[in-house]
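Chain IDs A, B, C and D follow the sequence of writing; residue 1 opens each chain.
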Amino acid sequence: MAINLLKAGHSLRVFDLSVEAVKQVAAKGATGCKSAVETVQGIEILVTMLPAGNSVEGILRTNEALFDHLKAGTLIIDASTIDAATSKKMAAVATERNLSFIDAPVSGGTAGAAAGTLSFMVGGAESDFQRALPVLQCMGKNIFHAGGIGSGQVAKACNNMLLAILMAGTSEALNLGINNGLDPLALSEIMSRSSGGNWVLDCYNPVPGVMENAPASRDYQGGFFVDLMCKDLGLAMDISQTSGSPVPMGSIAKSLFNLHQTQGKGSLDFSSIVQLFQGKS
Amino acid sequence: MAINLLKAGHSLRVFDLSVEAVKQVAAKGATGCKSAVETVQGIEILVTMLPAGNSVEGILRTNEALFDHLKAGTLIIDASTIDAATSKKMAAVATERNLSFIDAPVSGGTAGAAAGTLSFMVGGAESDFQRALPVLQCMGKNIFHAGGIGSGQVAKACNNMLLAILMAGTSEALNLGINNGLDPLALSEIMSRSSGGNWVLDCYNPVPGVMENAPASRDYQGGFFVDLMCKDLGLAMDISQTSGSPVPMGSIAKSLFNLHQTQGKGSLDFSSIVQLFQGKS
Amino acid sequence: MAINLLKAGHSLRVFDLSVEAVKQVAAKGATGCKSAVETVQGIEILVTMLPAGNSVEGILRTNEALFDHLKAGTLIIDASTIDAATSKKMAAVATERNLSFIDAPVSGGTAGAAAGTLSFMVGGAESDFQRALPVLQCMGKNIFHAGGIGSGQVAKACNNMLLAILMAGTSEALNLGINNGLDPLALSEIMSRSSGGNWVLDCYNPVPGVMENAPASRDYQGGFFVDLMCKDLGLAMDISQTSGSPVPMGSIAKSLFNLHQTQGKGSLDFSSIVQLFQGKS
Amino acid sequence: MAINLLKAGHSLRVFDLSVEAVKQVAAKGATGCKSAVETVQGIEILVTMLPAGNSVEGILRTNEALFDHLKAGTLIIDASTIDAATSKKMAAVATERNLSFIDAPVSGGTAGAAAGTLSFMVGGAESDFQRALPVLQCMGKNIFHAGGIGSGQVAKACNNMLLAILMAGTSEALNLGINNGLDPLALSEIMSRSSGGNWVLDCYNPVPGVMENAPASRDYQGGFFVDLMCKDLGLAMDISQTSGSPVPMGSIAKSLFNLHQTQGKGSLDFSSIVQLFQGKS
């Protein structure tokens, strides 16, 4: 993502806990920094990407407290996938400090990041969205404005819950067909062109050999980890709980990915869920 | 379907329990008949479409016993959606009588039938498939050869189980987003262009007002009945039971459609399942 | 079961496909027979116990056709666990022949059979139930009259579906507690004396070491096979389908036992389902 | 609970946001107080019972900050049903202040509270448990020591998740039997004495008329609200998420109670879930 920003001509200051990662991007022209605080000196836009809500709150407010080091008017683009409640809280604090904050979680994986074809789902004010747009377009292909602050997180949680359902459902449908004598390629072709058509059949077939470039055809290495899917499903369950929304299909998909994870498959691509149905453990 | 065959220049003899239906097609040039047996006099290809496996066995073997009235070499195209076991049994008997039999269940609904854009999923020998192809192409757009006899039924059961999963899953994801402040149109657009993309979001959005031509925008009238989806899911459960295939997502989808049906919604379009999540009863 | 009838002073003629089984019971005083037909010569009550509905129909009506060999007034006690539809059909044919038929599926396993502590769930007329009662009491402890013909099968299907739910649910609750630091024995004790109390916690704890005599404490050998639970759940799904009854909990329990079976655990006791939650495969 | 402590001869200071509740207990001999801080003057044991983790943290640490007002050595018995993480945090702070803290969530409902037959599930050190025991025995019948701090919350979450499974599962099994012609009383009797036996069948039958004293026989008024069951299931889902424990049965039970809640049934007793299966809305 940083390299794509550099390519587009942006001037960049970067920091990561991995010294190696900083070096790699510095070699392409960014200014490598030794701390978060050092990084934000003089910047106009801050892009953060962290693994959990309390990490985001830690770096912005409580620990590194970047909120105290940003000049008025700075726009914070938080590309982390976290809970919407933290996004709303950060936006409220930012407003008090004359800063702007949008939530902009991303999907598309490391491959999409490298190719600059990520999707961003943005929550925040229209003016902030417009200001972020040219920056986001350097890193992604589809930039969606989902609604007010926190809406990016909600949209991503909904999408990834649906993705988990598509993957588990498609896997079990293909396995059912295979167990009843059908060829997985033929069945995939039929369903993808019928009312069962979905992104998994189009781009990410879980059965080895059906789709050459899919993780299934390289032993489920790389891709989107089962562990990460379980994390994202946890976020979806949280917003279902706080809003009293029934999510039976998402809950079962979560349970299936949890069962798979429990069998030691957490670091395989999430399309390996088909192995649970096949009894491969 | 019959009218589309006539349009293509085929000579047709037709029979249905509904006298009105026979009249309607006769008015377009078919020979209306008064019984099943009368209908099959002199024909080369028989197309049957009945609601259940025992109806198919009844008309071909036990009751009307059309097997006894067909000349050697006749091809039977059974477009019914039934259990694969009956299809295999009928094909075996047909072979003994020097007849040919293929299973060719259809999807696309009454709208697809009228427009000639149905999908056919065919199970049977390659030569029989080739012989049926020009006939099927008069009635449908996508003609798939799924595999040997019974494979059409299996493919349709897999596809419709997956469709039920897509519909229930998409409905609950949209409802989750709406309950968390998102606009259903915006969320539908985001997910349809992301990894949550699927046929339901593309063609059959369950939330009223999002898609003008979808059943959701006309009070869930017409379309594909909840009762029929429950029937098709029953067929999928049957082949999961006989093949020992786990179908957790399909089972839950079936339970949700059953709960909806129990609340008196059997004759609404199946996209009305979103009402179950919304608490509309 | 036969030995317990002998002990009670009944005169017995016995047949089984296993010559060894016949010998064993003959050694205790029964008349061993070489065929089903030979067995029923001169009897007043016939007890059948077969693995599936078509086996029962085969032996009574179509193949061995025992209906043709029984004298008028004979009472048939079918202790098989099969579909209620077959029970009703057999009872109807029996009535035509001046015979009586009740369905009396049994639960309690091989241990209960040896100890004479089985439960019988009987469907049929009150007079037939009363006539069967003294015979059933030689083999079982709890003899329930569930209702009219077929009701024994329905009651057993309901009970065993509920049992599957109790076992899967108790297993996942215990595993949740263990994963959060609780001692399985302490948690079992707490729940069994609280509102989570159920037969599994009382008699059949799935965690090894908690209950000395449970299959869990002997590597899940013996007991009630996963394969048999899957069969019984299939019967419950069938009556849910024909009656349009939603069974979400039972469906998920079935899917979990199917997943477990798929991993090669079909011949373990059904309490081994706890291994699925523990990731032991 | 307070009145039972008074009856046992304890001297009590009481506070509640409801002035009426304070008056009622004061009339029986307690010292009514006007604030939480006033209440804890001179006490040796503090019993708290609040609706959520942040309420407990608020009263003890951040808002009323009772931790600052308790004398060294005071034992805090928190009878709230909250997340185990908050219990652990409160215990850690208590230790720093030379105070003792145990989590002691309760089950048994308002009826059990009045009768002094509640169950307490206690987490904390053995010495603290022994010190609390005589106090808890004034209010409850079964006092369980589940393990170290937080274990009371975990045990209650496991038990109530299992209870939700028992209630939903028993309801759907009874409905399945009824739809297939069985009498609910007969089927309840059969299953309660067979392997389907559980607390719901023994004490809390969900079908109106089967059990005179159950909420089902008074239009599901009183008892344990659907809303509260949804809250408790949320706590179980939280510990399943943090411990990576698959809970498919609990998840589906939660979804079913959520669907029921969404239909406006939140303030009915939780056994009204049977109406969801019956299509009564």
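FYI, contacts are C-beta pairs under 8 Å (C-beta built on N, C-alpha and C of every residue); 3 or more make two chains touch, one makes a residue touch a chain.
Not measured: the values here are computed from a predicted model.
Novice: Count the residue numbers both chain A and chain B use at their shared interface, divide by all numbers used there, and answer same if that is over half, different if under half.
Specialist: same
Novice: Higher C-beta contact count, B-D or A-D?
Specialist: Of B-D and A-D, it is A-D that has more C-beta pairs in contact.
Novice: Can you work out the whole-Å distance between the CA centroids of chain A and chain D?
Specialist: That pair's centroid distance is 38 Å.
Novice: If you average the Cα atoms of chain B and of chain D to get two centres, how far apart are those centres in Å?
Specialist: Centres of chain B and chain D (C-alpha means) sit 50 Å apart.
Novice: Which positions in chain A touch two or more other chains at once?
Specialist: Only 240, 244-248, 252, 255-256, 259, 262, 276-277 qualify.
Novice: Applying the document's contact rule, which stretches of chain B touch chain C when the two form their complex?
Specialist: 230, 234, 237, 240-241, 244-248, 251-252, 254-256, 258-259, 261-262
Novice: How about chain B: which of its residues touch chain D in the complex?
Specialist: Residues in contact with chain D: 248, 252, 259, 262-264, 276-279, 281.
Novice: What residues of chain D sit close enough to touch chain C in their complex?
Specialist: Contacts found on chain D: 84, 107, 119, 121, 142, 144-148, 150-151, 154-155, 157-163, 165-166, 168-170, 172-177, 179-183, 186-187, 189-191, 193-199, 202-204, 236, 239-240, 243-250, 252-253, 255-256, 276-277.
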